[in-house]
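Listed below are the structures to be examined.
Each of the next two complexes has chain A plus one other chain: chain B in the first, chain C in the second.
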Partner chain A sequence: MAVTKVVMPKLSEQMESGKIIKWLKKEGDRVQSGDILAEVETDKADVEMEAFGSGVLRKIVVPQGEKAPVGTLIGVIADENEDINALVSQAGGPAPATAAAKPATADRPAASAAKPAMADRPAAVPPQPKSEDHAARQPAPSRGPDSPGGARVQEAAAQQPAPGTPQPVPSGADGGRVKASPLARKIAAQSGVDLKLIHGSGPGGRIVRRDVEAAATSPAATAAPAAAPALRPVAPSVTGPEYEDVALSAMRATIAKRMPLSKAPVPHFYVTSEVAMDRAWELREELNGLEGQPKISVNDLIIRACALTLLHHPGVNASFQGESIRVYHRVHMGIAVALEEGLITPVLRDVHAKSLVQIAVEARDLAERARQRKLRAQELSGATFSISNLGMFDVRDFSAIINPPEGAILAVGSVRTVPVVTDQGLGVGRRMALTLSCDHRVMDGAMGARFLQDVKRLLEAPLRLLV
Partner chain B sequence: MAANAKYDVVVVGTGPGGYVCAIRAAQLGLSVATVEDDRPGGVCLNWGCIPTKALLRNAEVVQLVEKAETFGISVQGMKADYAAAVQRSRGVADRMAKGVEFLFRKNKITLVPGTGTLKSKSVVEVRGKDGTTTLEAGRAVILATGSEPKSLPGVAIDEKTVISSNGAVRNEAKPKSIVVIGAGAVGVEFADVYRSYGVEVTLLEALPRIVPIEDEEVSTQLTRSLSRRGITIKTGVKVSAVKPLGASVVVETDGGRFEAEQVLMAVGRGARTKGVGLEALGVTLERGFVKVSPTMETSVKGVYAIGDMAGAPLLAHKAMAEGVVAAEAVAGKNPRPVDYGNVPSCTYCRPQVASIGLTESKAKEGGREVAVGKFPFTANGKAVALGETEGFIKVVADKKTGEILGVHIIGPEATEIIHEFAVGRTLEATVDEIMHTIHAHPTLSEAALEATLAALGQAIHI
Partner chain C sequence: MAVMTYREALNLALREEMRRDPDVFVIGEEVGLYEGAYKVTQGLLKEFGPKRIVDTPIAESGFTGVGIGAAMVGLRPVVEMMTFNFALLALDQIVNSAAKLNYMSGGQYNVPIVIRGPGGPAHQLAAQHSQSMEVYFYHVPGLKVVRPSTPMDAKGLLKSAIRDDNPVIFIESETLYNVKGEVSEDPDFVIPLGEAAVRREGTDVTVIAYMGMMYRAMEAAEELAKDGISVEIVDPRTLQPLDTETIIGSVRKTHRAVVVEAGAGFAGMGSEIAAEITEEAFDDLDAPVARVTGAQAPMPYARNLERLKTPTKEKIADAIRQVCYANGSR
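Moving on to the complex of A and B:
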């Protein structure tokens, strides 16, 4: 009856090709629309690719471990008796982008970046836990040694959790048994809900169907805290090879390719300001003392402050378009998350319309899933402004590279306890440095400075963040 | 208004809802009084579920002896004494009622005989058979007054020629012929009992099929089975009048006249809400039933209602579940509300009928894409060995998630087999978990596995 061409989906704005990590179906397997066919490594994440047609997986065109350009035929789903020879023999040349999986067109101008790549329909429904089948999970990136006492370390790290816990969650913590009903697991797998991020309302905290259905319509409520690695002594060596060449991961290759494209053509300038964080710190402590509230991080306060301020400084929430400057009316915030093998910037959409609690919950969910490389394709593009926070590494200040076509990025340092001069003399205060990197084609120094000043005001009188 | 005793809970009515509620409350350390105008156990133990099951067992024995020849056993001079069947049934009911009395004593529950009427939200007036009244006060009052048989407009039930289940379960004399109006569980079960004892039975149903709440295929199979046993079945007929005619009675319908010695009204049951004192207190009713919250509380705080009076389905096991919820709510626990979508429904005629969840057509109406698996008992070794091959198990599953949406069983021990699926649904198991559960061989329950496999397109034995 029907033949469904399986093509390499375009899963992010920059994706040009993808690598088949693993076919989860064999030739001859019966496939239903919605089944996970394969795991694909893109430049940004490992994602699961869903079938859009039912029938038998008749042919695997691109085998496991090989790369294929976006839009290329990688397999064919058809009825048993269907003649697919013509189709398969054509393979080799890229299939038209109008193939069954409807990937976004590859030649879409970067100018339209504000529109999420897969706004209409993601070609693959990516990040899904397959809780019953740990073995089938996408291979976790290689990670350091197990981290004994990780739980204690992670509490400290959780104070500023969002971006950049240096290593992904070890699968030990990750693979801990999630109590969930079989039906809840299936619905979660089909709707892309991560069971580890939701609370069970069933007996003994078991996750049941209603929990997953609720989570599927609203972002997950609580993120499992990420474990941080413990320091391990490295024995100094004077023997053995002097160096080794490490192959670029897809993500590292993308970063290597993309960053010069930003740094060279985009004329950066930097504005730095110091923010008194004493009141924000107290507010956060007080909020986190409330029972039943999701934990608020310093980064959440900064996200909220930036989102509110950007509404008053549309010139900063803007993008250089060659002939014009596009000023956005909505704020989609890119939040840089450090991974072991690179960096990823998931996007928190319409953050200007979200409460602090919503931001906390959603940012944590994004960061958590970024570390597990389980982000959905549409969560990886479309930011209008970004934040990068290295505060948890005891960084005083730093400057970040703009992620085009965005017009600015805010680099956040740690909150430090420092001597401060007060009316009474010398006191102790909490201070944090913010550095805004701006695209000079979009804005000027004073514009960036005024924006930063308002962010600082908000953080220093933080009650407005709550309303 | 002074009350002569103060309890934590006063339960009015000791049917399956009331007595379970009282025992659960006592287990939780509450002091409990119960009010009952009949024997403890209510309709279920005394006049409904239990005595009818005793009668149906008699009917089954009669049928078995009648077909003993197929087992190579010849029986001569069999005499089936209907009066003895009723007497046995009364004995069974009596024993179960005594059981409840024993449980009350064991749990130190006070039994106050008489009819209870709410005087305030915490005081129940109990009027004894001799006309004396006492007042029982409770921190909470739980109403469990049950239901009673309904009739059709203009038709009076005299329990002689026009009888309800109340009469049917008591009368030791069987009629030569009977018209049963209503082919739900009650009508079908009595039709079975009477037919087994040689009564000419005509079964009338206003809806297009018998056991109309069950899956259509089940209705079709049951129609076939009962017709084969000589029961006349007329569906889609509306009764316009029931008139006495000499020693017999005539039922006039839009599908013809039916004459018989007796008529059994089995057109449903209505809540017993009269004389309970609901109106004066302003307890809200909805379509004749008491409106309750998920913790069984009525519109009046501290007054709870459970069981048949609190709405459909009018089933003893649903009442028991509600009794537990109400008791735990009163005790300040946070009970898990009754899952009304997961109440098994059972009819104990031969072949038995049991179901849970949605019928195939209801599941489809809900917009689900369903996978249906069916397995006949003719292909089940144990059923063949028993000589009970009528019927099948039908599993309706969600095609996408494998969720068990509904299961419909007609056949031997259907009412026991259904619980595999009840547990499965409570645990949110899917067809995969049933599939991976090893079912002992040979058992009737293997048909449950096979029907599940059939839904997956993997049945082995068919």
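Moving on to the complex of A and C:
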């Protein structure tokens, strides 16, 4: 009786497909609910996938090394003598005729994790109110967790979320009025997507959020800049092909998709300040000279300074919510970590309540696990403010793009030894530039400047970072 | 903190408020010698005596009127309805006197009365004893209406209701009297009227539900979590005044809402909340607000029919999937 469909889980908000790195159980193995079934590579991290039902892993549908869209059947757990042929053949077979009627669930968390009990029910086939003509032109984005039969069709759809050259057929197809959810309209307006050019996957062809988000990365529907292919060192040569197109890694694709959704709709402004780091530098050297103490980095000092300052400047620790501004009373700090294939921003939670040492230990742990791609999904979301530090690359200063829905991000340059004017004349000092990118909908220049001034004060008189 | 039943929490609230304020008294059928039809007033007669724990004849309009009169001259009556369905007999007293005297006397009188007792569907109590009575009262300007879902809320909100200077309708539930939970033993602990509670945090959909429906919504949320749907549950606790700020804030985050109520849907609490959401958070909605309500029919006695009439975990889960576009869409 108990059949558990194992489907590709949705492990992050942006995840649309995942790759099976490794099956940790083989066909025929006994599986208990909660056992680790496989390792899955997502756009952000490698994540262990749990079984949500018990029985025998009867069938592996998607083998090691292959990708599958979120919600697709990738395996079957069932009792030994359970007949699973129908289920398995359905997964590999052609999409049922009802596929077009099923809404895509590309960005819906529903299309996630193995589904016990409810998954056994036959997929409901809802009435299709659209004209046949319209239904036929729909891109059939069948990806409902209830319709594993659509798996193969879905894969194609996943690689091409919106058709490259969409027919300019108005959604809804009733006299040109576009049917879209209010939220979809709002996001479309913010990201410059033309609703007339996209198809709705909701009931009656309604355009919903996921449709707009998919279209936002499609060049046909927006003027969003195409993602630059990753740079590769190429030996100087005058022969051979002139260029190559490098496939986007999952992470780069996510960045390419997310950043225009920030830079375009969020009105950024920037405030830069220079901080005298002499005392902070000395303090850090002194701390790191102590035996048995974890090493403190300049970034740890900045994290601590920002966390303390944000408590006094809640307006900067805030998020634009359309009709209101959400001011956070706790500080969850996103810390940008550069990786080979892109960057990732793990979140240090409740950092305002953490000591410098705690920050140092936890930030290092997060960064290390980010590099090993061992972060848990919940460690990648929920930041209220972020810091991006390019100090190690001898960068004087730079400005960062806000990671919505946060209201600000701090870009940190290198600590440089420079000539400075002192009371005694010309001297040598350590200076560091901080640039705060602010969402003008949330705060104004003076607010950002005051925050930065207080961060600067803390760093220039750094003993307060220790208490 | 102590673990106690919802019934014991109500009893403790009454006891503490009666000790704190000699003007507080309890009046109703069987509240004294019999210690309450549902034993909420257990031990009170013994502690406070027959002047403050008053047994009455079976005459709701009469003893409610006595309570209102006492409130007008400065006492703080707590009127017990054996079940809230019987408050229909006192509707004129409640609607035309308790709710309106402050307005009609130009503020010369206020009516600090609490009318409390169990309401809503329970187990096979049939058509006349299974009604979601709150709908008859929250429509009336001048009445506050409380529906506490947990022992902690039962205590904290009843104390606030007794301390309130205006009439409060406080509707409990037969099905919750034996529910156990943590309750503050601090006699100064109160929960302000008009504040909702987020019972479960989630990111994909907001479910607004109270009393037994809140517990069913929690079960549905547990089940849907396995499918990766993250459900936030908001319990309004007080229906009038309604904490729209918490509800709207949650919907702005999740972009979808499902309202659950045990009673019939037409012009019910779900309609009101759906309207508020549409007015305040229209641009944040990714799907129409869904309602899961009781059927538009008297409550049948037969167990199978009772189940058909009432929102179940399955019906709530279906509605959640629907607004998340995670199911066959209609």
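Criterion: the second predicted complex is superposed on the first by the 290 of 467 C-alpha atoms of A that agree within 3 Å, B and C clash if a C-alpha of one lies under 4 Å from a C-alpha of the other, contacts with A are read in each partner's own complex, and residues count from 1 in each chain.
Here is the rule we use: a contact is a pair of C-beta atoms (placed from the backbone, for glycine too) under 8 Å apart; a residue touches a chain by one contact, two chains touch by 3 or more.
In this text the structure is predicted, and so the values were computed from the model without any measurement.
J.: Does the superposition put A:Ser201 against chain B (first), chain C (second), both, or neither?
T.: second
J.: Which partner does A:Gly34 contact after superposing on A: first (chain B), second (chain C), both, neither?
T.: first
J.: Please indicate which partner A:Arg209 is in contact with in the superposed arrangement: first for chain B, second for chain C, both, or neither.
T.: Touch status of A:Arg209: both partners.
J.: One more residue to check, A:Lys10. First (chain B), second (chain C), both or neither?
T.: Touch partner of A:Lys10: chain C, not chain B.
J.: Quick one: is A:Gln321 in contact with chain B, with chain C, with both, or with neither? Answer first, second, both or neither.
T.: After superposition on chain A, A:Gln321 lies in contact with chain C alone.
J.: Check whether chain B or chain C contacts more residues of chain A in the superposed model.
T.: After superposing on chain A, more of chain A is contacted by C.
J.: According to the stated criteria, A:Phe52 is in contact with first (chain B), second (chain C), both, or neither; which is it?
T.: The second partner, chain C, only.
J.: Touching A:Gln190, do we find chain B (first), chain C (second), both, or neither?
T.: In the superposition, A:Gln190 contacts chain B only.
J.: For chain A, give the residues common to its interface with chain B and its interface with chain C.
T.: Comparing the two interfaces on chain A, one with chain B and one with chain C, the shared residues are 181-184, 186, 203, 208-209.
J.: Which stretch or stretches of chain A touch chain B in the complex?
T.: The contact residues of chain A facing chain B are 32, 34, 181-184, 186-187, 190, 203, 208-209.
J.: Inside the complex, what are the residues of chain A that reach chain C?
T.: Against chain C, chain A makes touches at 9-10, 52, 101-103, 105, 108-118, 123-127, 144-146, 181-186, 201-203, 208-210, 321-324, 326.
J.: Across the complex, what residues on chain C touch chain A?
T.: 203-204, 223-224, 226-230, 249, 252, 255, 280-287, 317, 321, 324-330
J.: Spell out the residues on chain B that touch chain A in their complex, using ranges where they run on.
T.: Residues of chain B touching chain A: 336, 400-403, 427-430, 432-433.
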